[in-house]
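Next up: the structures, one after another.
After this come two complexes, each holding chain A, first together with chain B and then together with chain C.
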Partner chain A sequence: MKPSPFEISRPGTLDAAREALRDEAHGTKVISGGQSLGPMLNLRLARPSRLVDVTGLPGLAEIRKTETHVEIGAAVTHARIEDGEVPDPIPGMLRHVAAGIAYRAVRNRGTIGGSLCHADPAADWVTAMIALDAVLVVRGGGGAREIPMSGFMLGAYRTAMKDDEILTTVRIPRYSDQARWGYYKICRKVGEFADAIAAFVADPERRTCRVVFGSTSGAPFVSTELARQIATTGAAVPLDAVKSVLRDSGLNLSEVKIHQLAIAHSRAVTEALSDA
Partner chain B sequence: MTTGIGARIERKEDRRLLTGQAKFVGDIKLPRQWEAAFVRSPVAHGRICAIRKPDGLSGWVFTAADLSDVRPIRAESSLPSYNASDQYPLAKDKVRFVGECVAICIAPTRAEAEDLAEAVEIEIDPLPPVIDALKAREPGAPLLHEEWGNNLFLTTFFDGDIETLRKTAPVVIEREYSTARQAMNPMEGKGTLAYWDEKAGQLVVYTSTQVPHLIRTGISELLGIDQGQVRVIAPDVGGGFGYKCVLQPEELSVSWVARKTGRPIRWTEDRREHLVAGANTRQHHYKLTAFADERGRLLGLDAEITVDVGAYSVWPFTACLEAAQAGGNLPGPYDFGTYRCRTFSVATNKPAFTPYRGVARPGVCFAMELTIDAIARAVGREPSEVRKENLVAAGKMPFTNVTKKFYDSGDYPASVVQAEEHIGLAGFRARQGKAREEGRYLGIGFSTFTEQSAHGTKVFAAWGLPLVPGYEQAMVKITPSGSVEVRSGNHSFGQGLETTLAQVASEWLTVDVSRISVTMGDTGVTPYSTGAYASRGMVMAGGAVSKAAEVLAGRVKAHAAHLLQCKPEDIRLSDGKAWFGEAHVGFEDIARAWYLRPDQLPDDVETAGLEVTEGYKPDIDTGVFTYATHAAIVEVDPDTGETAIEDYYIFEDCGRRVNPLILEGQAYGGATQGIGTALFEEALYDANGQPLTSTLADYILPGPAELPHFRLGHTETLSPYTRHGIKGVGEGAAIAPAGAIVNAINDALSPFAVEINAIPATPEKVLGEILRARAAREAAE
Partner chain C sequence: MPETLILTVNGEACTVTVAPRTQLAEVLRDHLDLTGTHLGCEQGVCGACTVIMNGKPVRSCITYAHTCDGAVIETIEGHRGDPVMDQLRDAFSRHHALQCGFCTPGMLATAHDIVTRFDAADEATIRHELSGNLCRCTGYVGIVGAISEVIAAKGATSAPPAPLRNVKPFTPFDPVEAAAVPAASAAPKGSVSTDGGWTVVKRSFALNHAPDAVWALFRDPARVAPCIPGATVDSLDAENFSGAVEIRFGPIRARFGGRGTYANDDNARAGSIRGEGNDKLGKSTVRGELRYAIAAGTNPQTSRAEVELRFEIDGMLAQFNRPELVTGFVNYILAQFAANCDAVLSGGEAGPAKRLSVFAMLWAVLKARFSR
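Showing the complex of A and B:
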């Protein structure tokens, strides 16, 4: 379990990083905390000839609060979020999600941007950020552009980013005091990737309600139908109806998986609505 | 404070183990050392057509053709119907499991060796794989070893008059049970570092093993080198559990390459290699029919046991120890009269089966304990009541059971009573009922077992194994400064022998354990021992140290008597000194007289000196039986299938406890592994025999958050047949958890008409059963 040979650089400017990426696009990969890529390198499942370490780029470890958004640098670690360094866009949710990622040792090094770009279907941030309607700021040869989280993850380990683009910032809208959220996952053991994830975010003031299912083996599944029903009735949807939605989702899910996802969803919604 | 037998003292080895100062194979660095990586078979079954070494680097790559002077690993057995297999250290002609070694590559670093391994091209003509042991038994199944004409390493039989029972027994319970294949996952995997020592004229092999003297024999025989030219050193070993009690193909290849190239060569197993090529244990299938009376009293048992033993028969314990033990141990602690059992040791395209902590008994205990609960449900009684009535009664000890196992001592039903009391069975049913009204599903489960430990010469000889343990030897010596050295050919790989053997010596010599050093694992400096397996370390090595220390104590008294001007029989040892009344001499004085000032001793002094080697085995070879009852309370979430262990209690009797603290650690560790067996661990394969669980993200081990706070109770029924009444205990706690936990799960799920009979009881499996039962119910309505 040793990686195949690679070079690694740690550029100090975005231009240098983009240059390094463009230099040999196919054999080059961005590395941040290395908590997913590291094992894949060691298993030789990923075999880049060059790695570009982005953790030294200016601004990538920064956290900002604007009038409308909370902005998290892509190289901010899960641990910093868990520890409350990030202002709350919605009370408590980021800390809750961060604290449930793998183990503290992984959270100490793993980054929010790295997790999003890796796009593991069972990872937390891809689901949570869709639920929060986050926008990703990426910089490439053509300058900066924004990708809404809803269109970011195309499938398992696939994103809408181009090879020479670097994720710099995660922008999360700030929710009102009325906002409610629930996040529930079913795991084999503490710290393992989840078998089922459900996220729920609703903000009457912003007139938004989002229902997201994660760990579906592809990109997270967003159910506008369930969201509409909950927003309309103000109550959770019966389990069998949730299962019907999942069965009709077009996703290839076993009955056990459907049940787990539906249960996770019910618990997330119940949690969100119970403290109302 | 005395540090003898029974003292609850911290482990001598823990300082170095816990502060990173231990020395494992991976910590050793020799001049000119290179690292090795193996090319392993990517297919489960196939014929090797060609192996192409990378251009210009052929001197760094070795295959079976290069190792043509190495004999294959072949474990013979005299049992009738046994088929032996030839396992070449590097596959020759055929590959028989994914992960089988095909070539060894050496380079200055492991990463470079792995680069080289990738560049080796192997061409294999695939053959249909044999993945399912039940199907492998059927005629027409593809064959692993064509010359046998079938896929059976061994079949065994016990015959009893089941047919009469079938007609007359009031209660008949039929079940099928299965247990998953597992990988043992010691923290340190296998590892070997070999070099040729020109001065000693020896091949020196550092290897992570439980059985250094056996490995020496194995390497010598298969490489064709005299044993005097082989020295095996097991340094610190980071866990074994049975995984390291057999000769490893990698040990042979690394040794051969080191000798061939004249360069120290090291290989360390990585986790992926372990999970792929080391998924080699626990996989059983049972078809059981139990016959009982109306009260649930067991009348007889009819069993068919199939063990999926993988591709080869390991040396020296063979592929058959597991099934033979399963057949012999299935009746376990129960007293009943009629038993019929057939066992099948089936060859499949998986890694070669190796005995794992508990050997066969975790499987048989699971099957038997679930059957007891099934009988209890059938007759409408509390399972623990039925259990107690079926266990061998204390008054019958010593007891010879239906498979002729000789149970030396103990009170089995009393262990259930203890478990009932401490887990709180009395108030449980009311609590369970109330919880159900709240939609919470609690269950209680019990599991009782006997553990044959330290079985010896005659038992192993009866299994017809190539190598039979006899008298365990140990050396005990007083140094010139009065401290004590103990040498044993057994080995400690985490079980605390360094401390407990010192305690045994301390018991006789009364010297504090801080002044007793224990050396193990090096065949160059320790007396012969077949090593650490079968829960034999404390009984055998402890017994040998005890015997040697007793003799040595006599010599100390004789020398002291000269110095104190009295008779040896008037001398009493205490506090590391020899006393005659109020007068005393210290061990340092006695040692000084012998080593440095012999002029102080009379002419007729005992010339054998202050160094004793003795051999020991218990008065019986049939083993001494530890037993225990485990009890669990679980809560099952019927919506997710998740099981949480609310409480877990173990009541154990392992005879004399040499160190209660270490014993508790053994129980926690064993029970943790048992929980892995019960709820988490499962090596899975696809239809082509490709492993699906090759990382720890896929092969799930329990972590601290998944474990209950174990509670323990002990009693000590001393074995009449061993020194100090010690019984083996190392394996025990790993045996019972699956029985207790799954019985508890089934108890919790009784309102759902669901019964789990396969482990691990994963959430997916439990939820799947609940959903299936619900669908069936709805379809019926």
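Showing the complex of A and C:
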């Protein structure tokens, strides 16, 4: 199999990259690691006439730690995160999530920014970054703007980014040493698209708690109700109660999906709250 | 426009001139005659094409030419003088870790990476790390045994450290929800199920006009088709239609052209559309049937549309036939369709044709369906 012909440009600056995108917005696609787009190109499900490779843009492979945040360049690979190159905003969570993405050969090329922009409902970072309350910095015609992760993904493969915007940085707040996290996904085979993903992050010092469900039919589902219940009691919510929240979510989930999501959630929370 | 790449393959400098769409695997196999790298699925799943690029395993089927300039690559033909690969080859041979041999080049590349990254690994860890390489002879026992032996020969005893976790006591607290999280938009009610090779999507959605008016729209393909995002009608008579639907779903683009039949029952305010079409460039075909019925809504000025879509997709698109994506796509399309119907019934026009979508299935459907 061979992709449809495409031209490739490797702009050296963000402005040049945006120019290349604006040039032919409808036949042009940004490519980063290409580990999701590549299969679509080979299958000819995607047939862009031009690809704009953003992996060489200045700053996109950088990792920074500030007083309040950890900042990850959009073109940082999953493998670098798995290997601990990124300072922990919360101990161990990023490494755990990264290590569970597809396979090592894919993680060596796939990037966090590419995964977020691709916005596959079953992808790990879209769920994990909502749980961590990350903010995405995108660069467009009017300069840089920030998009909170909770409003970034609009649906399957749809995001709040405009055609000529480029994601440059993922900013994750640094959590206190009291923070707890849990992350669990159900896959039929290691590395396959997940059937259900659940993330939990709670920080008593920041007084924030997030409960997120991923691998639904669109953007991850955030339950403030479950988050409040767990934060105030310090205990997991019974499975039946979790299921009824999912049933009332308006997401029209099948009973099988509800069960898988509820199980993933209870395992994530149990893991997060255990003192072992 | 072809580009010239300079790369180092198995220790030798090579120069190749290839088109940008060329996969690394093709550079190796067709331009450098290194056919030991095998292509299996060509979509990053099977692992057969795995090679070592700049010291790390990568899928050569989804690594394109432009990223290879200046790269240092080792294929199964190479690794000369590499003691780890020598040990692995020897162990694979003794453990009978290959049968047909198709997966072996990729298995050895991944095995090399596992041995390099892990000083100690139990069988579960090795199997986990090996999960991206499929052996259809199912010869995993020998493969895992061989890798295990080579890792053990490193003589290290320490297991990789477990990720750090907070173990301070958890103090319950009253959370402050910092940012308002948008509520999930109300999806149409319905279900998605499978029936043999067919996917069956049932949906029910409201329209803000009386049933008579809605039915007059639905029964007339020429009027309802423009309400379907991306649909165009080429020909139409009392029973038959032909046309096309353009789909955009994330990076996916497809244009399904096809034909079919439709029938309406004015008394029951119900009808059906059957059709099939294909996407020539993407080599996918879809067959589908759409049944629809219009009932009274919660008050006389509103209606409820009940829609059942059955479809079957063959070809490339079928590779992406994941139920949750189908559901998300259907909801998105229906919301636009319903909004367009309401706009037309109010005397306006359907919004600019939006090509969305994904699944051809729907496609078929929609297209078919409403399309004439």
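Heads up, the rule we're going with is that the second predicted complex is superposed on the first by the 275 of 276 C-alpha atoms of A that agree within 3 Å, B and C clash if a C-alpha of one lies under 4 Å from a C-alpha of the other, contacts with A are read in each partner's own complex, and residues count from 1 in each chain.
As a working rule, a residue touches a chain if its C-beta (ideal position, glycine included) is under 8 Å from a C-beta of that chain, and two chains touch if they have at least 3 such contacts.
Note that the coordinates shown come from a computational prediction; the quantities given were computed from them, not determined experimentally.
Partners chain B and chain C clash in the overlay (superposition on chain A).
In the superposition on chain A, A:G191 makes contact with both chain B and chain C. By the document's definition of touching, neither partner reaches A:A144: not chain B, not chain C.
Contact with chain C, but none with chain B, is seen for A:S215 once the two complexes are overlaid on the shared chain. Contacts of A:P39 after superposition: both chain B and chain C are touched.
When the two complexes are overlaid on their common chain A, residue A:Q178 makes contact with chain C while staying clear of chain B.
The partner of chain A that touches more of its residues, comparing chain B with chain C, is C. By the document's definition of touching, both partners, chain B and chain C, reach A:P5. Among the options 362-370, 596-604, 686-694 or 722-730, the segment of chain B that ends up inside chain C in the superposed model is 686-694. Put simply, chain A uses residues 1-5, 39, 43-44, 189-191, 193 to touch chain B in one complex and chain C in the other.
Those residues of chain B whose C-beta lies close enough to touch chain A in the complex are 109-111, 114-115, 118, 270-273, 639-642, 680, 695, 697, 700, 702-703, 705-706, 762-764, 767-768, 771. Across the complex, chain A meets chain B through its residues 1-5, 39, 43-44, 186, 188-193, 195, 255-256, 259-260, 263.
Chain contact summary for the complex, chain A toward chain C: residues 1-8, 10, 29, 34-35, 37-48, 51, 53, 55, 79, 88, 90-92, 95-96, 102-106, 108-109, 118-122, 133, 148, 150-151, 155-158, 177-180, 189-191, 193, 202, 204, 207-209, 215-219, 221-222, 224, 227-228, 231-234, 249-252, 254, 257, 273, 275-276.
Chain contact summary for the complex, chain C toward chain A: residues 1, 19-21, 23, 26, 42-45, 47, 50, 56-59, 61-64, 66-67, 109-110, 113, 128-129, 131-133, 163-179, 181-192, 249-254, 281-283, 316-317, 319-320, 322, 324-325, 327-329, 331-332, 358.
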